[in-house]
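First chain A sits with chain B, and in the next complex the same chain sits with chain C.
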Partner chain A sequence: MRLERRASVPVTLAVAAPFGAVLVALLLAGILIAMTGAPVLEAYRRILISAFGSKSSITETLTRATPLILTGLAVAVAFRTRLWNIGAEGQFYSGALVAAMLGSQHGLQLPGAALIPILMVAGAAAGAILMLAPLGLRLRFGVDEVVTTLLLNFITILTVSMMIDGPLKDPMAFGWPQSVPIVGDAFLPKLVSRSRLHIGFLIAIGLALLIWLVQERTVFGLETRAAGLNPAATTFAGIKVNRLLVKVACISGGLAGLAGAIEVLGVKGYVTTDLSPGFGYTGIIVAMLAGLNPIGVVVTAIFVATIFVGSDGMSRGLGVPSFIADVIVALSLLAVLVALVLTNYRIRR
Partner chain B sequence: MNDIVLSLEGITKRFGSLIANDDVTLNLRRGELLALLGENGAGKTTLMNILFGHYAADAGRVVAFGRELQPGRPRAAIDAGIGMVHQHFALAANLTVLENIVAGTESIGRLRGDWRRARVKLTEIARRFGLAIDPDARVGDLSVGERQRVEILKALYRDARILILDEPTAVLTPQEAEKLFDTLRVMAAKGLSLIFISHKLHEILAAADRIVVLRGGKVTAERITANTNKNELAELMVGRPVTRPAREAQQPGALVMRAENVCVAGFRPLSDISFELRAGETLGIIGVSGNGQSTLGRLLGGLVKPTAGSFELLGATVTEPTPASFVACGVARIPEDRNVDGTVSDMTLWENSVLERIGERRFSAFGLVRRSGARAFAKTIIERFDVRGGVPDTPIRLLSGGNMQKLILGRNLLTSPRILVAAQPTRGLDEGAVAAVHAEILAARRAGAGVLLISEDLDEILQLADRVQAIANGRLSPSIPIEDAEPRRLGLMMAGAWSEMA
Partner chain C sequence: MTAALDLFASAGLWAAMLRIATPLIFGTLGALLCERSGVLNLGIEGIMTFGAMVGWLTVYHGGDLWLGLLAAALAGAAFGLLHALLTVPLGVSQHVAGLGITLFASSLAYFIFRLAIPVSGSPPTIVPFQVLQIPLLSNFPFLGEALFHQTAPTYVAILLALLLGYLLGATPLGLAIRIVGENPHAAEAQGLDPIAIRVGAIAFGSALMGLGGAFLTLSAFNSFFPTMVQGRGWVCIALVVFASWRPTRALLGALLFALFDAYQLRLQHIVGKAVPYQLFLMLPYVMSIVALLVMARRARVPQALMQPFRRGER
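What follows is the complex of A and B.
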């Protein structure tokens, strides 16, 4: 048996592959659900109802999807140019920390209309800096950024932990390690009243569209794609690949940092070390499921959010451990990777 | 007929809709030197991969010394006494000849007595076939011709009685090739059977007893060497009469590029190279593979900086070269590897056509790509340069090598360059594509471009160049007019012995 590359990939196959993969993942996860003794179809029905059954569950799912869209975009943008940013988690926290720091009563004293944009930009800048350092090491010394970005996650989270147990610690929090909350003006306006859904969701969708346009229509998009596919030919064509990588690193780190800032300004109002249930890492899955397509990232982020939010409800009702959500998402990724091979290659004997 | 040592019977192999081998039948006799002639894509490599068990054939069988080889088992051929000498050697440079030959053949924990026996065996084989070599020399210190000898010895040491050589002369100077043929004839005379794969007609005529021509996966002809000639073989190989375009005399114009004692550091460095290139002439740089051609190509493409000496482009000294500045000056660049440097294989024809000049107003404005302009440019190239197998939106990887090369030529020549730097422009192309590429290079010269042609193909240089310089070990010989370039003299130059000729 061997794999042969297809001369061209039919569009229908390319579109159908991720859906088929998700179906296979749900099928496999169904076996696990059945093993807990719960009815499988009922479990999936409850996941859907818990995620979309009411206004409050819909807004909750979209709230959860917002940081995933942004970290998914961060990863998709980087991977497209073969910049392996595994550090979205750390960049997320650095953006969150900076936004919380500058947004608190000890930070910038500005009215809301000016404060919110500045806090978002500051968060994005923090994320970008955290991505530029590994890129610098790669370009100067050839250090693999997979390792450096991954390890920076732990450094960043420990730094956050140190800050919120030290200089930034909220004295009103009964000793819990959390940062001083942001001022009322810094909170993002809500999209739907009496819910947690905030305008960060629209910002994330807008950025996805913008990135898609940049990738499809601009010289920068063409050059970054070329640099990802074949850096040697891109260099030969006179395009400065290193300079492109610096820009891509800024965009990627910036998006992850922005995700952290928006999560603080839109949902929590302060930083704790459990602000992110792995948004940065899940962003990698979101991006891969979407085939690195920015519009696809929005869809897959909502899918992943659905599974997570829905599983909580399903687990309460049926007693299936909510860890099943992680299993479903992980299986989807594996299935998509297989589907990707099968769309690009065909099996021959 | 029992002197047949190897036979491939009715071998058929399909890859998707492509038939790589179509009912190929081939017999090799004892003591015979058989040449397998065919263009790239004719199915030579597939056939050899089937013989060596890398692929399993869809139909047919391989019989060696009367026994059928189990398909799909790489060890089967080796155990049956078939050895292969690859185009690219698989030798460890820091080990000695003896160590290289023994390594991989036998167990690692050897005793001293075994080493002695190995040495005796090697010396005996070397003496029998006239392959003189010092068993204790480090492979890294050997010349390319000597390394090839080590590869041959390696196969013989493993008791190969059938030896297959894949494009064995690609890395040799004409003199070294001549020596190799002598060796092969000795080996055949001593009862070994050899298959010699090549697409170079003159070599095949010089070396082989019998010639099998492969075209489009089929055996199209079989000839005894004495009863055929170059023209007939060329026609059999291509399937139709082929004439390469000829160069017309022309008066060179102004100086367009000049290098004086230029050095480039790094991998395969250049030292003290000097040349001059005028408008409307072609300067050929001939050399054996791996003598600094790549670095020279990168220097002339604006990718590396001279570390010493003076390098002038259109009268201006180049200090900080960039590919973009070279393109802007009107330097057309054909990179030596079209798949690595020349194209982004997963991008479309139009994207590949405009990538190096995407900043021009007709292809972009305010950072936005003007797709219509870019597509129109690609369309013009496709029409004007006869690129087949794609429209502007086809991924370029679907094109054949020849058509890919035509697109690369087209994107460069459509803008009337002042200088054309062509590095190995016809490497791996079939005869028809070679003729087309040659015609375009000659047209560029006629239009007044200074052409610098880096090539390892003697025939190509003799056909296209007005003057020739040889490259050897990162140095350039003085230039000689093409009229004085007879093969023997060029061979000496390619070996680096130009000072002795003066």
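What follows is the complex of A and C.
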């Protein structure tokens, strides 16, 4: 038995693959749910209801999807050029930290209209810098960026912990380690009143569209794709791959940093070390499920947010541990990897 | 300043070094074996987490401590086989598959743990491995206390490193693994089966990762809690590079790393609140990056690392 590359991939197969993969993941997770003694179909029905059953649950799901769209885009953009950015989690926290720092009463003293965009740019810049460092080590010293970006996640979160335990600590927080809250002007406007959904969601979707346009319609987009598929040939074609990587690193790190800034400005208003329940790592799953397609990222981010928000509600009702959500998305990733092979190759005896 | 130097004269420091090094030795050897056959295994962090959980749960339900280790090794091998299935016959991106295994194994570990142990005030505990007194050696002044007051798995880890060094360096099987990691096509021409060898190396290497995790719950601590592996798996991946893919150097690297870690823990007590404790916690990760930097240019990477092998396809 061996695999043989398909000459051309049928479009229906390419579109059906991720859906099939998610179905397989849901089936396998269903076995685990059954093991807990809970009714499987009822559990999935409750996941859907908890995520989409009411206006408040829908806005909650979209609020949860917002950072996932941005970290998913961060990973998708990088992986496309074979820049293995596993550090979106750390970049997220660096963006959050900088936004909270500059947005507090001790930070920039600016009116809201100017303050919010500046805080977002500052957060994105922090994320970009945190991605440029490992890229620099790769280009200069040949250090693989996978491990360095991973290790930087831990270093960054400890830095956040140090700052909110020290200079940024909110004296009004009853001793809890959290940063001084941002000023009222720095909060993002709400999209739906009396909900947590903020305009960050629209920004994320706008960026997904923009990235899709750049990738599909510009020379730069083509170059990033070429550099990912065959760096040697791209260099031979006269494109400076290193320069391209620097730009991609800035965009990727910037998106993850922006995700952190938007989470602070839109939802929390301050930084803690549990601001992100793994948004950076989940971004990898979001990007892979979407086949690294920016529009697909929006869809898969909402899917993953549905699983997380829905599982919380389902867990409370049926007693299935809410870790089932992480199991479902992890299984979806593994299943989609297999599905991608089966769309690009056929099995021959 | 003298207080900081005096630390090296305490036997406790050296004993702590061996204790801290043990999970790193297991994990680094496991990752090294996978990489020597040509496959990066970033599933390590999750496999260690699962090993820690399943080993602890086995003992908690009345199993023997050694049975706990066996369960962790078998579970590690099972996740290894899954990683091997994805990366070897299917040739999926090794980075992404490994991260997927990590997410899957750790979330499954938390799920099973929560199912077996409902939320309670304080986490339930087991009776972990006790210090193994070695006749004569353990009674030696200073050295006895410094080096021979460890639990059994620590001695196993050190022996394993030497054994694996011998296996890779001086046996036909070791040579086969190395050829497959350098040039699978040449290996096939020699009548070896690169796919079988890679799958075997990943399964065995992942079993070692499982053992490394189980050491945490069965010897270093006596309970399981989420996020307890704390990036040790990633540190192991960095140590493999630092060790230039050699088992005996991996042993030295893990010991050196652990010595530094044990030292900074004691230094924290001396400097007290003057320096934020987070800076000390950062040190292991910073050191890993520095280790990568120092060795990246000099290290001899297995030539076929991260290249999938497909028959008849170059």
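Simple rule for what comes next: the second predicted complex is superposed on the first by the 349 of 349 C-alpha atoms of A that agree within 3 Å, B and C clash if a C-alpha of one lies under 4 Å from a C-alpha of the other, contacts with A are read in each partner's own complex, and residues count from 1 in each chain.
Please note the rule applied: a residue touches a chain if its C-beta (ideal position, glycine included) is under 8 Å from a C-beta of that chain, and two chains touch if they have at least 3 such contacts.
In this text the structure is predicted, and so the values were computed from the model without any measurement.
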item: When chain B and chain C are modelled together on chain A, clash or fit; value: fit
item: Touching partner for A:L32 - first (chain B), second (chain C), both, neither; value: second
item: Once both complexes are placed on the shared chain, angle at chain A toward chain B and chain C, C-alpha, multiple of 10 degrees; value: 70
item: Which superposed partner A:T235 touches (first chain B, second chain C, both, neither); value: first
item: Touched partner set for A:M162, first chain B, second chain C, both or neither; value: second
item: Touching partner for A:L333 - first (chain B), second (chain C), both, neither; value: second
item: Partner chain(s) touched by A:F323 [first = chain B, second = chain C, both, neither]; value: second
item: Contacts of A:Y281 with chain B and chain C, given as first, second, both or neither; value: second
item: Chain B versus chain C as contact partner of A:S8, first or second or both or neither; value: first
item: Chain B versus chain C as contact partner of A:T148, first or second or both or neither; value: second
item: When both partners are placed on the shared chain, which of chain B and chain C touches more of chain A; value: C
item: A:L108 touches, of chain B and chain C: first, second, both or neither?; value: neither
item: Nearest-approach distance, in Å, of chain C Cα atoms to those of chain B in the combined model; value: 5
item: Residues of chain A that lie at the interface with chain B and also at the interface with chain C; value: none
item: Chain A contact footprint on chain C (complex, rising order); value: 42, 82, 86, 89-93, 95-97, 99-101, 103-104, 106-108, 110-111, 114-115, 230-231, 234-235, 237-238, 241, 276, 278-279, 281-282, 285-286, 288-289, 292-293, 296-297, 310-313
item: Of chain A, residues touching chain B in the complex; value: 4, 7-8, 217-223, 225-226, 229-230, 232-239, 346, 348
item: Contact set on chain A toward chain C in their complex; value: 2-3, 5, 32, 35-36, 79, 84, 86, 137, 141-144, 146-148, 150-152, 154-155, 158-159, 161-162, 165-166, 281, 284-285, 288, 321, 323-324, 326-327, 329-331, 333-334, 337-338, 340-341
item: Touching residues on chain B, where the partner in the complex is chain A; value: 15-16, 301-303, 322-324, 326-327, 333, 335, 340-347, 351, 355-356, 358-359, 364, 367-369, 395, 398
